[in-house]
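Should a chain be cited, it is by its letter among A, B, C, D, E and F, assigned in written order, with residues numbered from 1 in that chain.
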Amino acid sequence: MASYKFECLSVSISAEGVAHVEINRPKALNAFNTQTWTEIGECFARFRSDGDVRSVVLSASGRMFTAGLDLKEAAAGPLAKGSDAGANVDVARRGYYHRLHILTFQDAISAVETCDKPVVVVVHGGCLGIGIDLISACDIRVCTEDTYFMVKEVDIGMAADIGTLQRLPKIVGSDSWVREVCYTARKIPSKEAHVVGLVSNVLATKEEAMKHAFELATAIAFKSPVAVVSTKHLLNYSRDHTVREGLEYTAIWNTMAHNSHDMPLAIMSSLQKKKARFPKL
Amino acid sequence: MASYKFECLSVSISAEGVAHVEINRPKALNAFNTQTWTEIGECFARFRSDGDVRSVVLSASGRMFTAGLDLKEAAAGPLAKGSDAGANVDVARRGYYHRLHILTFQDAISAVETCDKPVVVVVHGGCLGIGIDLISACDIRVCTEDTYFMVKEVDIGMAADIGTLQRLPKIVGSDSWVREVCYTARKIPSKEAHVVGLVSNVLATKEEAMKHAFELATAIAFKSPVAVVSTKHLLNYSRDHTVREGLEYTAIWNTMAHNSHDMPLAIMSSLQKKKARFPKL
Amino acid sequence: MASYKFECLSVSISAEGVAHVEINRPKALNAFNTQTWTEIGECFARFRSDGDVRSVVLSASGRMFTAGLDLKEAAAGPLAKGSDAGANVDVARRGYYHRLHILTFQDAISAVETCDKPVVVVVHGGCLGIGIDLISACDIRVCTEDTYFMVKEVDIGMAADIGTLQRLPKIVGSDSWVREVCYTARKIPSKEAHVVGLVSNVLATKEEAMKHAFELATAIAFKSPVAVVSTKHLLNYSRDHTVREGLEYTAIWNTMAHNSHDMPLAIMSSLQKKKARFPKL
Amino acid sequence: MASYKFECLSVSISAEGVAHVEINRPKALNAFNTQTWTEIGECFARFRSDGDVRSVVLSASGRMFTAGLDLKEAAAGPLAKGSDAGANVDVARRGYYHRLHILTFQDAISAVETCDKPVVVVVHGGCLGIGIDLISACDIRVCTEDTYFMVKEVDIGMAADIGTLQRLPKIVGSDSWVREVCYTARKIPSKEAHVVGLVSNVLATKEEAMKHAFELATAIAFKSPVAVVSTKHLLNYSRDHTVREGLEYTAIWNTMAHNSHDMPLAIMSSLQKKKARFPKL
Amino acid sequence: MASYKFECLSVSISAEGVAHVEINRPKALNAFNTQTWTEIGECFARFRSDGDVRSVVLSASGRMFTAGLDLKEAAAGPLAKGSDAGANVDVARRGYYHRLHILTFQDAISAVETCDKPVVVVVHGGCLGIGIDLISACDIRVCTEDTYFMVKEVDIGMAADIGTLQRLPKIVGSDSWVREVCYTARKIPSKEAHVVGLVSNVLATKEEAMKHAFELATAIAFKSPVAVVSTKHLLNYSRDHTVREGLEYTAIWNTMAHNSHDMPLAIMSSLQKKKARFPKL
Amino acid sequence: MASYKFECLSVSISAEGVAHVEINRPKALNAFNTQTWTEIGECFARFRSDGDVRSVVLSASGRMFTAGLDLKEAAAGPLAKGSDAGANVDVARRGYYHRLHILTFQDAISAVETCDKPVVVVVHGGCLGIGIDLISACDIRVCTEDTYFMVKEVDIGMAADIGTLQRLPKIVGSDSWVREVCYTARKIPSKEAHVVGLVSNVLATKEEAMKHAFELATAIAFKSPVAVVSTKHLLNYSRDHTVREGLEYTAIWNTMAHNSHDMPLAIMSSLQKKKARFPKL
């Protein structure tokens, strides 16, 4: 059985197969240091091949979801990676290793997308900078009324590089809005996030938001896990391909998935109006 | 002149060039058996090269638009296709033919998209499973107030494989919403379908919805057919390509289309405030 | 210093780095003749390498934003380009040059997108035909209450070919709506444009809209120009690539951009709650 | 059992599963009229789902492989297709139907590629114009010493449009050579075709070439048909995708194919140095 | 009529429509300074819309084809471009303008490819560095026996960035060879260049090579110019797309091109065994 | 300093920066068990960020390069991976984990490509099955006269799935040859491998081949490492993208790499005819 002991994350898995991942650095307002995003990458990578996990709720403890990148750590030098970084002042050489560093960071956040199990994220308080990169990689976003969002990167002199600029325009409807909030880094209140489709629900309190998220995740955990992971995997594949390529890939994928025992079980249960319990993946 | 006699479809073409396709298996709640989707594929493929058809209204008879896949037929074995399916228990061999079967099914539904004539679909009552695949391949979606939609596939233990996962995220604005309804298979009321942009109009009754759809389709039928089919073809091409590639393809396409007599006729009519009647394609 | 004297455009650049481009053919309702779009192409191409320009406001003088293509000029023959166009009646030969003509026109409008500086467009009165192609290439769209939009091309017997069919479906949320307005060329009131996400704000008057646009553009001009042009460039790249390719391109781009002095300056200012002034590009 | 009675083709299938397709219009030097390429499309489409066919030898009767397009038929008007072609002089309308005609022709020749069973083609005498399109869609090309090839299209005033310009540069090594023969339409002797890799063998006589082709095709027919069709399918897919996409598609394809009983049978036979006989697809 | 007066190039156009472009800085061993590649870009861009030019021979005067980049000019600072380059020491700001500089250089060399008229290049003596970028963008390469080639960039501490790494692997057959010569910068004798397919002919002397090139270019100039430019354009398009996309683009392109008067003229001439003279583009 | 202790590999790094990786299971004819390919993946992943490694020679000990996949291990069940594989007989569930297994295997071999340092492989004796996947991911291939190659997978009832079908057609010139050897699994002698371009040199003995490989790798190690890794990285990127995309990516990559101190050092050394020693990455 996979182990989920982490320093910055609290993880538990319910009997129904719902994993709960809580970002747990409340004193630092859940600011992302290297440890935090490394653990997120490892945690969701394990979910991928852990049959006990059927869906995930992601949330954070304390006053807000996250204040963004841990600027203190960043200032102290995560960019200094390299063969002998201290003395290495050649821009191209530093750049070679710095690029690998960015790719590693991106992979950690993308693990939320590639874990194949649906992830419902609950955002509360504030969600800034890298927080937007993270929630954009989740499947379903809900938030509390008091939440505000900020694509904050431009305010620290850089373009967002961990996924916001790739995923945000593909998950909401208005490109004019996306560009406005990315160029100005202004506050986005929860209501506006709902209207543009960034979140699909706004709940009054964090308790209600958590309850709603667990209900969603539990409902998903009771579906056939073959059907669910196939749906997530194919939605992600299809986003990045033409309709024709998406269809062709789906045909070969489902050729395999249709061999599951879940189809007859699901159809039978449906006809008998009974709730089936599907074996784990 | 092309013939449009079908078993599961009723087809008529108005003097203005509006074809009406009605799915006509009301007793089975318009459930999709092989005959139904095969005929849809054939019907729309014919539309592609039938100059008498300038636009299409698609609707269904009876209590609801469609209850989805015909599970009885499915249970009886459409997957059993192959060289000697009965005895053939090798998974890879069965898979080879099953994949061809899925591709054939997909092509039939995609014919709605590739027919080049705009298709307005009127949804009423319920629209489940394969119904979502079908309406996602149409151009303009309207529905009645009493309509509900369900991406039902996950409830029969499989991922949608005839187009929903490819097209749905590209025709509505909120990805969070798309994933929620695909993972949970929950009911989507007409009003919600309107807010997310799945349908562009909700009408009180089926009569009003049909009237609205025919008005739209007739308005389109009075435009230059060269302009109309070019617009549909280029929208579909551009969805699947970069902006730059879309522009380059459009340049060569319009180099041909600009040779039409419709341009001077349209400009003249526009200047003279007269309604032009363009020759058929 | 780059020169911005044009016949059909008025251009000025503020001390803060906000360029104002006004389309200035009010008597012709700002109809696009060859001179107009050629100048737009040249103007925005210069912006690309002019460090004094950090953001742009685009608007038009007179009664409306634009009535669309200058049909009089079009009728007099922009299609007649070629080696010896007068006598050249061979369709393929004329087509060879006509395609080059369309590509040149497209490039001029695409310069708004490729200039790398964010462009806020203020639409008032009416915006028809080529006007939609143009505003779709801008970053942020705002309009006045009295504005209406029309994808007018189908009414002159052709498919839009300067960008509308490529960009419009990628900047609003509802594909059903996009197709309806492209096939029917019907009037779209400002309020509807807001609901579908085409514009992100509707202001009561042109004065208010201009004020709002300049506030946005000025706010952007006060951000790090490295961060801002990177964000625009990466948003455009990512729209046309898979998420994975977008991330990989971003990693190498930011490897360069992170070397900017703006990052420490921005972080310092942020910590000290002071407003930084970043050097121009 | 699929029927293979054709007017312009002779088809037979050996006990080992090798289909022999002979183009059989020797008096017309196997010039391609509509009937010929339509039959090629139908024949190879049937092969795709005919388990009795494991590999194919394609050859032609008479003095040469093919003289190319049937110019007499072409002159008499295959381009005149359309809703009412006779009277229809609008270039754009004719173009709409003419494009569909080209696509249909292309699909017929591409059926050789998409049939999934390897095709060995024997070329003798001459192979001109559409003949190059056809053999480029085959898997393995052998020819006789007296064979010459010509990419003839430029000599009838057009660019090759049935596959030569797409496939030829991807099946030989020297682009400089490809362009020279496409721009000049010059004769390519068999020896030169071998050096550039267009054919992988040159045999002295047609008899020897046929013998060699049947030996190859029979050897292939004795391999696991699951392994063989998978290999062809994946080679074609990978040609058109990045290495990474090719690998990912292969992973899901082989997940299905590895379930075949052929793997244990093949490994067992290999260890026992016995020749296995694999069941048909 | 287009003007072709240049400082570093000598250009003449024959009555048959063969343009001869000679790089003419023999004292500097035709090293590429900014003037040279800027003129190449302008010259070939003009060819694109000059009907008098049907094909091109490119060669160089003096001892060798080119010694590569003009290192003296490079050392003096072509990278210093920017808004106020002298004082601008911010790496990201310099990088912004330096990237535009590389793109401009690339566009100039790519004009050889995008001019649509076939280009035969004659290489003699030596061809180093940027010379390889240039000849890789030509259509047909021939050389003299005394020629040697060197992908020299790695020896000046950089990766080739004007086209060699993109085009070279796609125009020769052996990737192992490509990588060896790109990593080692070693001398490639003419004979080896022939065997790997980089050149399609090696001639004893420059005179013979020029004669051969003009014969080829003249033969091409006597073909239908519609057929020739279509063939070049479609070969380039197809190199960069899947076979299926190449076919679809070809279908719409040829729908236009088939309207040429050249097809009946070519077929008639072919049947009558007469040499046609096609009107210029 | 990175550690390179492995069970199945012997690794050493020369003072010049040439790493030597020897596959070291001679008794098993270097058959690939899981341990072997896992170690290859780890070893080359470390090379990526190890500045002490500038180029690599890959070879194998004993009688032959490799006999291919370790069939004994494969038979004992590497496919049985999963949450509780023993009891899990559902094809779809097993397939989910089996696909992850194939992807992991592919990633290990692709590490040879993504390590960014050029890899020269020396093949001797025989190279079968997975051996072809491996050497196709290397940069430069040399072999001994007694070497034979076999794309063996079809003989164990499957299609090659670790890279052969993706890379082999892109590294040799003749597609007809590729398909013949993939469908028939026949022996390819060293001389034939040379003619088609699979290897760029054939040496008489293993000693000579090793000597040649080390000379090549050492020559590469003396070039600027910035130039060398950039060249490899850009060649791989460009293989998988259009020429235009390859150029644009190169422009941004080199904007960073041009900041290296290696360029002035290389140019100076070149002018002074001295051999420079570039600092490690």
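Everything that follows uses one rule, which is that contacts are C-beta pairs under 8 Å (C-beta built on N, C-alpha and C of every residue); 3 or more make two chains touch, one makes a residue touch a chain.
All figures in this text were calculated on a predicted structure; none of them were measured in a lab.
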> Touching chain E and chain F alike: which chains?
Replying inline: C, D
>> According to the touch definition, list the chains common to the neighbour sets of chain B and chain C.
In response: A, E
> Which of the two pairs, D-F or C-E, is linked by more C-beta contacts?
Replying inline: D-F
> For the homomeric pair chain A and chain F, should the interface be classed as same or different, according to whether the shared residue numbers exceed half of all numbers used?
Replying inline: same
> How many angstrom lie between the CA centroids of chain B and chain F, rounded to a whole number?
Replying inline: 48
>> Taking the mean of the CA coordinates per chain, how far is chain A from chain B in Å?
In response: 33
> At which residue positions does chain F touch at least two other chains?
Replying inline: 91, 95, 170, 172-174, 196-197, 226, 239, 252-253, 255-260, 262
> Considering every pair of chains, which are in touch?
Replying inline: A-B, A-C, A-D, A-F, B-C, B-D, B-E, C-E, C-F, D-E, D-F, E-F
>> Could you list, by residue number, the parts of chain D that touch chain B in their complex?
In response: 48-52, 82-84, 90-93, 95-97, 100, 226, 229, 256-262, 279-281
> What does chain E use to touch chain B in their complex?
Replying inline: 249, 252-253, 255-256
>> For the complex, give me every residue of chain A touching chain C.
In response: 71, 74-75, 79, 91, 95, 98-99, 102-103, 106, 110, 113, 153-161, 163, 165-167, 169-170, 172-180, 182-186, 196-197, 239-241
>> Per the contact definition, I'd like the list of chain D residues that touch chain F in the complex.
In response: 55, 118, 139-141, 170-174, 196-200, 216, 219-220, 223-224, 226-228, 230-232, 234-235, 238-239, 242-244, 246-248, 250-260, 262-267, 270-271, 278
